[in-house]
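Chains: A, B, C and D, in written order; residue numbering restarts at 1 for each.
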Amino acid sequence: MAGSSFGKIFTISTWGESHGPALGVTVDGCPAGVPLSEDDIALYLDRRKPGRNAASTPRREDDKPEILSGVFEGRTTGAPIQIMVRNTSQRSGDYDEIKDIYRPGHADYTFDAKYGFRDYRGGGRSSGRETIGRVAAGAVAAKVLAELGIKVEAYTVSIGDIQADVSRYDYENVSQNGKSSVSRDEFSKRRRETSLKTPTGMPDEEADKRAMEYIEKLKSEMNSTGGCMECRINGVPAGVGDPVFEKLDAMLAGAVMSIGAVKAVEIGDGIEVSSRTGSGNNDAFRIENGNIVKKTNHSGGILGGISDGSEIIIRAHVKPTPSIAMTQETVTKDGKETDVNIKGRHDPVIVPRAVVVMESMCAITVLDALLKGSSAKLDNLLKLYKS
Amino acid sequence: MAGSSFGKIFTISTWGESHGPALGVTVDGCPAGVPLSEDDIALYLDRRKPGRNAASTPRREDDKPEILSGVFEGRTTGAPIQIMVRNTSQRSGDYDEIKDIYRPGHADYTFDAKYGFRDYRGGGRSSGRETIGRVAAGAVAAKVLAELGIKVEAYTVSIGDIQADVSRYDYENVSQNGKSSVSRDEFSKRRRETSLKTPTGMPDEEADKRAMEYIEKLKSEMNSTGGCMECRINGVPAGVGDPVFEKLDAMLAGAVMSIGAVKAVEIGDGIEVSSRTGSGNNDAFRIENGNIVKKTNHSGGILGGISDGSEIIIRAHVKPTPSIAMTQETVTKDGKETDVNIKGRHDPVIVPRAVVVMESMCAITVLDALLKGSSAKLDNLLKLYKS
Amino acid sequence: MAGSSFGKIFTISTWGESHGPALGVTVDGCPAGVPLSEDDIALYLDRRKPGRNAASTPRREDDKPEILSGVFEGRTTGAPIQIMVRNTSQRSGDYDEIKDIYRPGHADYTFDAKYGFRDYRGGGRSSGRETIGRVAAGAVAAKVLAELGIKVEAYTVSIGDIQADVSRYDYENVSQNGKSSVSRDEFSKRRRETSLKTPTGMPDEEADKRAMEYIEKLKSEMNSTGGCMECRINGVPAGVGDPVFEKLDAMLAGAVMSIGAVKAVEIGDGIEVSSRTGSGNNDAFRIENGNIVKKTNHSGGILGGISDGSEIIIRAHVKPTPSIAMTQETVTKDGKETDVNIKGRHDPVIVPRAVVVMESMCAITVLDALLKGSSAKLDNLLKLYKS
Amino acid sequence: MAGSSFGKIFTISTWGESHGPALGVTVDGCPAGVPLSEDDIALYLDRRKPGRNAASTPRREDDKPEILSGVFEGRTTGAPIQIMVRNTSQRSGDYDEIKDIYRPGHADYTFDAKYGFRDYRGGGRSSGRETIGRVAAGAVAAKVLAELGIKVEAYTVSIGDIQADVSRYDYENVSQNGKSSVSRDEFSKRRRETSLKTPTGMPDEEADKRAMEYIEKLKSEMNSTGGCMECRINGVPAGVGDPVFEKLDAMLAGAVMSIGAVKAVEIGDGIEVSSRTGSGNNDAFRIENGNIVKKTNHSGGILGGISDGSEIIIRAHVKPTPSIAMTQETVTKDGKETDVNIKGRHDPVIVPRAVVVMESMCAITVLDALLKGSSAKLDNLLKLYKS
């Protein structure tokens, strides 16, 4: 099960299974001197916790992070940061009846095909709990980015057919004649505050309410739903990302698609570009306060794989939770057809909890791209090494 | 400009600029003993050549590949395979007027931001010609996969709003009561033959005709269009791909998003899953001729990041060619606003030529995942090393 | 502090500081299906424990390993294996007086130069305790190799000027007319048993006794000594290793030189080859029982970076423990000259405890090379994937 | 034949066989803005050319490098630099008689064991000609290092039993009461000039003469000899290298051991440390002109894997050329015993030509370590990205 690491310079490696003693993440390559505490991590982990509300599973977990290495007197030392979370709410019994059955939409069958056998308790390594490591590492990346003035923010855009109205926070959209009584920053602040408050993670209280009703209905029907989430990254200077295979958008797409249940990723205007004309899709360059800016941002902040200084925008489409209580057709390990009803505690939609996972993966990706870029120019080296 | 390599075991590294002496690719980690000739490579390169028809740029290029290493007596030796193509049709003069201007939708500005200066001739490293290396490597990967019974096929799905009817080749869709006078394989063969014949790469001659008319219209308007392409991979056994960051879909998404102009990637049913319910999206397992199969294939052949034995399906949405002849607003290198009309030979839509690039990246990704998996089980090792 | 990982397929990543809460290792890419228990790990860790005898520091540590992930029902699952050891015997107080002083022969100064500050307690990340992770991972690698019939064995060759007589176990050396009353295997067994029993790790009880007297003398003089250790690997089939930068000997040299205090590495006859002639150094090939063998083994089992089927032999030269109690000249963090007497519990020679670290690094390196080789031939792929 | 790449940020990948159409190297991750020409490369390649004198093979090769990408208007662009050398002096006929024979001391047998067959002409991929790529890349690395004030220099220390007197250039050694009429820099200049002039690469004309006589004698006896070479690196600031597996000395050891025929690597005082005491091996720190310096340099410029600001010193022991004309015992591919006399043009000792290969690998390793370090401190990032 190689492939548990991500990032070239800022490298994260998650480990642990749903029902083992613990899980966590090693963060290697974090610059030395960054303030970091367990509270910084806990703040992020709280956002992926279950049991907060009707939108998620009733499992209660503490998920208290322990920093076991790499931090000394409150600052990172440059050494690998080990962050561990103990598994405390294990009910392995729930899984006994399905240990010989391949659940539809799950990785049971493919794990057996690859490894010959599997840890069947709660999805084992393919459990959503693996994302604890990603989120803990995301908290670290966010701390570093904050020092550089870079902010990463994700929220829920839709659940089933119910769309949040996000355009209300777009300064360009709301302003009249380029003016608005509310500032650009204030709009961002309101969007963030709202999305952190609503149970669905939508930055729209009204849509959130309708979405919650829809979720309740699905629960009663023993069904589940998919949804869409979006991440915006502000403050990335132009010039971050590499131009060929490690394009910033390619790395982001890979990072976000590696989150279980994500089935599509869009950058900027995404799928809409395929039916557009060049004149309608190109972003004209202009000068604003002496800086090069774009009049529009169809590109989503990336040109030729490298950041262009505008807001970076990514969207991810998430499939419905495959664990549903209604009867489904499936097969056993031994190749017999059977029916299955998935028991246990499962989210009717995972988007509200996945939002912080997306935010984490994006933060990690951007930070890694930025660190890789430190040696792109001879000028940079002269600045650092020539006295 | 690190990041010019892709793949962990089967590693490809492209090199070369649009208007330098040559460009190419190094393929390292190719298994020894695979039959390979320059003709195998040329067959693939021909599909990305410009000038074939009205859908692409009138530049005529030979793009004749030379294998400089790694092949002996017609078979790969396991050594790095170097494939070079000389640049023969350079008209650098076309680019002189834009050397101090940042073309909208291009990477001119971001390259300068990252590296301090750039090779401005024809996009330099960010030119579409970089994909010559990808396609040459894709030809190699396809040869290896063919030995294992794996086929990779990409085609054009839409150009602007014009959709090809691909469903006509879906056995499940066409058959009545599970029966059809035409076999599954015959459908695939027809789809492939049609898409290789039409100028747009659509497997639908009627839609192709309309698309070509649309392209002609855009050319006369000095404009361009986007489009969508799709790749299908058949014959991959269940168990290929890794479960966390190197999920097969994550690797495919990163690979395909690294193709210039791609702005969205979908796996299986892609963006549609976000508005579905679990019962409508899960693929039930059944037994067919003693094998585990899925009744539907919403998942696109991948579960938990690992192949499930069904057809693997990926879609990519491509933005309109940014190089258009109509007047556009932009800025100069020195920060002055100006207008620009892009001259030179440019495709009004790049999808027809990008199809083989997508096919190549998918072949490379699947092969690499497969090679990585060779050591997943102790049983595999015992089979190979224990006599 | 990137660079905490080693290996491409079988990847180990150590984490943790001398005086933090815990330290350990993540092992990713271990094949699934290998029997593994905490006892397997403990057996290796016991060999690097201090306090066993006069040759090592009087610190008493339990170093009890916990497997936190990657093992299910007694077998590896293919998921990352997390092995943690709690730090229980911390006496940070010992280090307070040297927190502003750069100890000669230590990494205090270089860490400060690189990271701006450091965890000064007990060497922090550069402490010998970091090798706990290496040894735990080595135990895992040894388990996999054992399944393939490969044995890795290291022992002490010399301490100061005192040499162990290792030649007594060389069948070729001891036999008369190619015959000996003791079998080849029996010699190996005796060598192993003796080296595991003696306090110095020498496979020679008489030399061991003299070495221990020398060590006692150095302790009384508040001094320390260096030494040499050797590793032999048997059962590796011909064909393991890569021919250019990842030559098996290059990977072994890097692996062994990465053990703190190692200052020279030799393969086979090592430094002696520089004064030899070709006719005196080439190993003639012969046929023995139908197999290709070498008449001599000057090459140490590797030709052109690839194993040749003979015994693989590596030697490492280790510098004297830099922590000595006698007065030394040095400087403070602030650039003032001063004297220092290192207090605390320190080994007068680290070789006896480093032997198992060398054995571990060699096992890990060989296993990784072997796993990488699984995809070297098309034949291998056909064996694994073609039914 | 994976493993043809070296370096994490400054990555070189060699390709090509002895008797194929061409061979070369791709250099990825070179900072943009470094002046580079084909003459810079040729200067290095000239030093590894055969036929210069009696110490090397009479083959005459032009080895003219072509830069095919990555350089624009005389400066590196940050894009991959492709450097190719055509093979012009191929006499494949020489190799026909040995295509079914395994030459002693060569990789013929191990290549067949690994890949199932091999390019038998002139060693194919394991030929010394592979080092053309290394040396071309070394020339690039040396250019970057020179911008930072770092100099890398290798020379021959011994051939057979004949030792060059290198100590005559050691300021500390020559000076009386810390004073000398010749400056430190002047000593270095003289050493360099002498070693570039002598046929053996020794910085000692008298020893060189004796070594050449010895070589002539061996040639007449159809035999060959080994030797030792040394590399010194000056100007590396303290703080370069990583503390665990990617220690600067570990990376150097791996890099140098990956040069064919190297069988031992020493750092600083190397093998001598194993018989020393701590008090005799520790380097005391002192203050000199306000800077922290070491009174001695037993460590060879590296402490805990990180550069300490002193001169970095590495030595490599090279085995005798295995291709000798005298009769040797060996076996055929089909497992039959036979005799072989190696014909063709072979160096009686490879050290004089390998010196520039060692210099190149050391330059590449140090540059890569330095680039990796650019993101070690938050302060560095703030310097580069915070305006």
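Operating definition for what follows: contacts are C-beta pairs under 8 Å (C-beta built on N, C-alpha and C of every residue); 3 or more make two chains touch, one makes a residue touch a chain.
Only a predicted model underlies this, so the values are computations on that prediction, with no experimental measurement involved.
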Residue-number overlap at the chain A/chain D interface, same or different (half cut): same
Of B-D and C-D, pair with higher C-beta contact tally: C-D
Furthest chain, CA centroid comparison against chain D: A
Distance between the centres, which are taken as Cα means, of chain D and chain A, whole angstrom: 46
Separation of mean Cα positions, chain D and chain C [Å, integer]: 26
Between chain B and chain D, centroid-to-centroid distance (C-alpha), Å: 40
Residues of chain A touching at least two other chains: 1-5, 9, 14, 29, 32-33, 78-79, 114-116, 125, 237, 243, 372, 376-377, 379
Contacting residues of chain D [partner chain B, same complex]: 1-5, 9, 11, 13-17, 20-24, 26, 28-29, 32-33, 66, 68-70, 72, 75, 77-82, 84, 114-119, 124-125
Contact set on chain C toward chain D in their complex: 1-6, 14, 102, 104-107, 109-111, 113-116, 125-126, 130, 158, 160-161, 218, 223-228, 237-247, 249-258, 260, 263-271, 273-287, 290, 292, 295, 299-300, 302-309, 317-324, 326, 328-331, 335-337, 372-373, 376-377, 379
Sites on chain D touched by chain A in the complex: 8-10, 29, 31-34, 78-79, 144, 147-149, 237, 243, 370-372, 374-386
